[in-house]
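So, here come the structures, one by one.
Heads up, the next two complexes both have chain A, just with different partners, chain B and then chain C.
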Partner chain A sequence: MLRLSNLDLAEDGVPHLADISLDFRPGLTTLLGRTGAGKTTLLRAIAGLAHPFGQISFNGQDWAQLPPWHRPVAMVTQQFINYPHLNVLDNLAFPLIRRGEARAAALAAAETMLGRVGLAQMASRRPSELSGGQQQRVALARALVKGAPILLLDEPFVNLDYNLREGMREELMALLQSGGETTVIYASTDPREALRMGDQTVLMSEGRALQSGAPRAVFAAPAALAAARVVNDPPINILSARLDATSLDIDHLGPFPRDALPEDLPPGGYSLALRAEDIRQNGTVSARVALTEVSGSETVTHLQAGAQPLVMLERRVQSHPLGAEIRLALDLRRALIYGADGALIAKGAAHG
Partner chain B sequence: MYRQKYIFLLPGLLVLIAVILFPLIFTIRVSFSSWDVYNPGLNDAGGAMYARMWEDARYWQALWRLSLLSVATVLIQYLLGFALALLVWRDIAARRFFRVLFLVPMMTTPVVMSVIWRTIFHESLGPLNPILEGLGIGAQPWLSHPGFAFVAVIIVEVWQWTPFMFLLLLAGLLSLPSEPFLAAKIDGAGPIRTFLSVTFPMMGAISVGAILIRAIEASKIMETVYVLTSGGPGTSTETVSYYIYIRGMRDFQIGYSAALSLTYLIIMAVALTLIAKALMRLMVRGAGA
Partner chain C sequence: MRTLYLALKYLAVTLWSAFVIFPFLWMLSTSFKTQNAVTGGATWLPWLQFEPSLAGWRALFGGAGGVNIVKPYLNSVVVTGTASAIALVLGTLAAYGLSRFSFRAGPIRNGDITFFFISQRIMPPIVLAIPFFLMLRWLGLLDSLPGLILVYVAALMPIAVWVMVDFFNTIPRALDEMAWMDGCTPVTTFIRVILPNVLPGLVVAGMFCLIFGWNDFFFAFTLTFTKTQLLPVSIVALNSSVTPWWSLSAAAIVSVAPLAVLAFVVERFLASGGLKGAVR
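Up next, the complex of A and B:
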């Protein structure tokens, strides 16, 4: 088990890692967070490339004094990192030869792995002679052939186009099926990727680990407002609400039926987090279109209701002219309810 | 069609003919004459000058000496230059300091620099021998012993041209991408293995370029020998270009020195081509895991 205890790292007063304590077990864990959340720094710390305060240990062995080249770790980064002076086969054999394996055995293992990632025909080429996707496949194959018990994947497919990214993700999952007891840590900014891939997910923001658990459980109940922001794409809507015994009033949007929130919720101020898919057309809230994004078969519309920004997700490609007025229906019964300290208190009435 | 494009090539072509082709063809013609102080002019001596050259042991010894000198100086310059470049590669403050410091020998005129070094090596008046005596090593016959004189020429050449190698190799190191070094760390390569398997092979092309530039320059070494030792003691530090200078400019054997020069040119062209190919195979294409 890989154990991180109280990791702290700051540069020029900016925290990159803040009191991170996590355990990683064999299987795939996704690190989910926006750019700058500390995911890459955390992976670099595990690999020995960054040096935070705190303790990193693997199967009981303290790694404080262990240089990167002695750590049983393989890593794939966003950039297509290969050895430009070596051909593809030698690239794959490199970590095996460094580990002390005979050159012939290393080349044989490299050739087998090259076949598994579909690059058998490219063995004698230099990385610069390959496409971006092929180069990243070489980097991935080099990490996999090493057979390290810890595999760190830092947004490995982010620089690939959509179709290639989807394909590579499927390939990776297939390759990891035979990974056995490998601890895979996969950093991503895409909540859907985390939901689809991970056995576990860790939400990160501003160098902190906000929440960890099974991806669906984390998605269903983000423990804090910051976690709700991280785990939702399109962005989740945050509404300031005031509840009393008979009424519910939302800043900038006006009064709403009291029964949208649980009956036992005491009066007070709350933040309601409402997912973009829980806002629909044909309601009573007036808003103007600020931006429309069409992504695949979905449409994300950014709206402005007075001073309150809102995001609506609709199926199929929709056409909303800029500045057009839309009447929205907010399904507050599906909202997540956070207290003044940002912690999850309850879910809307529709969650049961 | 588009014939006018050749008009634009004409100035370059004329310069090429005037600067390279004419002197070369003229030298070939002169080498087949016995033009000297007694028989000036382009007579027809057939291959007599080449036959004479074939039996001129002093010429071949000078060529052999030049080869040794070139290999030794370029090798030492490369090793020292690479070591120094590696030392300051990651340290920006040191890099700036050394880059300025190392420009001094390169900016010094070779003749001036050789005069200074001749003074340093002077066996009774120079500062080097008292220093060596102070260290308990004892005074050395720097310029009066064949072996020491040869070493003195190497020292001066290395002193002057190591900075050039340093600057070229440092520029090469600074142009290397950082990602493969990160990958090497992750792939289990420590600092020494990273140097051998990543840094050195990735520096292959720039190393070959730097070595060839210095080898070409070293093969023409003349000023240092002329000022420092005048080819002596005896002929122990005489290089080919210095020997050709003696035959052509001092003895005025124009036909013979033309034959020596032409042969020297061919030998150097062939040798440097072979060296370039060997280095490319060894340091660039041969790089493996």
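Up next, the complex of A and C:
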């Protein structure tokens, strides 16, 4: 088991890691967070490339004094990093030869792995002669051929186009199926990717690990407002609400039926987090279109209701003219309810 | 219009080529002439119409009116070759350090250190000659090969540092880190991963060191007397009351030859793709 205890790292007063304590077991864990959340720094710390305060241990062995070249870690980064002066086959054999394996055995293992990632025909080419996707596949194969017990994947497919990314993700999952006891940590900014891939998910923001657990459970109940922001794409709507015994009032949007929120919720001020798919057309809230994005068969519309920004997701291709007025229906019964300290208190009435 | 443009273009290229090649042809032609052929001129063909003579070439081996340049030649090979090799090794290591690590000493940063190296070449050699002379005398190395090698290393290393820092800066640090994770220590990373990727830089820096070292006259003249002469000094020694253009031309050809051959070989090597794919 890979154990991180109280990791702290700051540069020029900016925290990159803040009191991170996590355990990683064999299987795939996704690190989910926006750019700058600290995912890469955390992976680099595990690899020995960043040096935070705190403790990192693997199977009981303290890694404090262990340099990167002695850590049983393989890593694939966003950039396509291969050895430019070696051909593809030698690239894959390189770590095995450095580990002391005989050249013939290393080349044989490299050739097998090259076949598995579908690049057998490219063995004698230099990385610069390959496409971006092929280069990243070489980098991935070089990480896998080492058979390291810890595999760190730092947004490995982010620089690839959509189709290639989907294909590579499937390939990776298939390759990892036979990975046995490998601890795989996959950093991503895409909540859907995290939901689809991981056995476990860790949400990160501003250098902190906000929440960890099974992806679906984390998605269903983000423990903090910051976690709700991280785990939702398109962005979740945050509404400032005031509740009393008989009414519910939302800043800039006006009064709503009290029964949208649980009956036993005490009066007070709350933050309601409402997913974009829980806002629909044909309601009573007036808003103007600020931006429309069509992605595949979905439409994300950014709106402005007075001073309140809103995001609506429609599962169809829809064209909303810029500045057009739309009447929205907010399904507050599906809202997540957070207290003044940002912690999850309850869910809307529809969650039961 | 296009034909006129092409004609002008080729005319310009031809004129410029003739301008560049002429001194070499003149040198080659003159090295086989006698005094009369040089000063008397020809009736019809200025550079071809003369009675060939090897007098100029014989003068280089101690013949009449000449000096034996064999020993100075070998001295130049030893001093330039050794100093260039040492300067390249030390300069490459220094450049890697400057490229990969951050140095801080008071207000001094990496850029200042790089400039310090380059500033050695900005100063006129005369400024350095007296300190070098005093140091070599103190070390008992005046008029000796080791003394010259020492001075040439100091003079050539800035060139190696200057060229190599730029080449190392083109190699992303991520490549070093990837090599570490693949089991390389910093030293094996440098040797197995970084150096092969800066091979063109090493060739360029090596060429510069050899050219500057080989052609230096000033230090070779000021730091030696009679025991350890280098080629440029012995070529000047050929001069007398009547300038012996024939032997000076032969000496110039002999002097240029090794660098020309080296440049030719390196150019073939580069053209054959010897460094293909070394840099992304």
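We take it that the second predicted complex is superposed on the first by the 352 of 352 C-alpha atoms of A that agree within 3 Å, B and C clash if a C-alpha of one lies under 4 Å from a C-alpha of the other, contacts with A are read in each partner's own complex, and residues count from 1 in each chain.
The rule is simple: contacts are C-beta pairs under 8 Å (C-beta built on N, C-alpha and C of every residue); 3 or more make two chains touch, one makes a residue touch a chain.
As the structure is a computational prediction, the values presented were derived from the model and not from experiment.
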Side-by-side fit of chain B and chain C on chain A, or clash: clash
First, second, both or neither for A:320, with chain B first and chain C second: neither
Chain B versus chain C as contact partner of A:90, first or second or both or neither: first
Which superposed partner A:79 touches (first chain B, second chain C, both, neither): both
Touching partner for A:126 - first (chain B), second (chain C), both, neither: second
Partner chain(s) touched by A:99 [first = chain B, second = chain C, both, neither]: both
Contacts of A:39 with chain B and chain C, given as first, second, both or neither: neither
Which superposed partner A:69 touches (first chain B, second chain C, both, neither): both
Chain B versus chain C as contact partner of A:137, first or second or both or neither: neither
Contacts on chain A seen with chain B and repeated with chain C across the two complexes: 47-49, 67-69, 73-75, 77, 79, 81, 83-85, 94-95, 98-99, 142, 146
Residue ranges of chain A in contact with chain B within the complex: 47-49, 67-70, 73-75, 77, 79, 81-86, 90-91, 93-95, 97-99, 103, 106, 139, 142, 146
Residue ranges of chain A in contact with chain C within the complex: 47-49, 67-69, 71, 73-75, 77, 79, 81, 83-85, 94-95, 98-99, 126-129, 142, 146
Residues on chain B engaged by chain A in the complex (per definition of touch): 177, 179-180, 182-190, 193, 197-198, 201-202, 204, 287-289
Footprint of chain A on chain C - complex, ascending: 172, 174-175, 177-185, 188, 192-193, 196-197, 199, 276-280
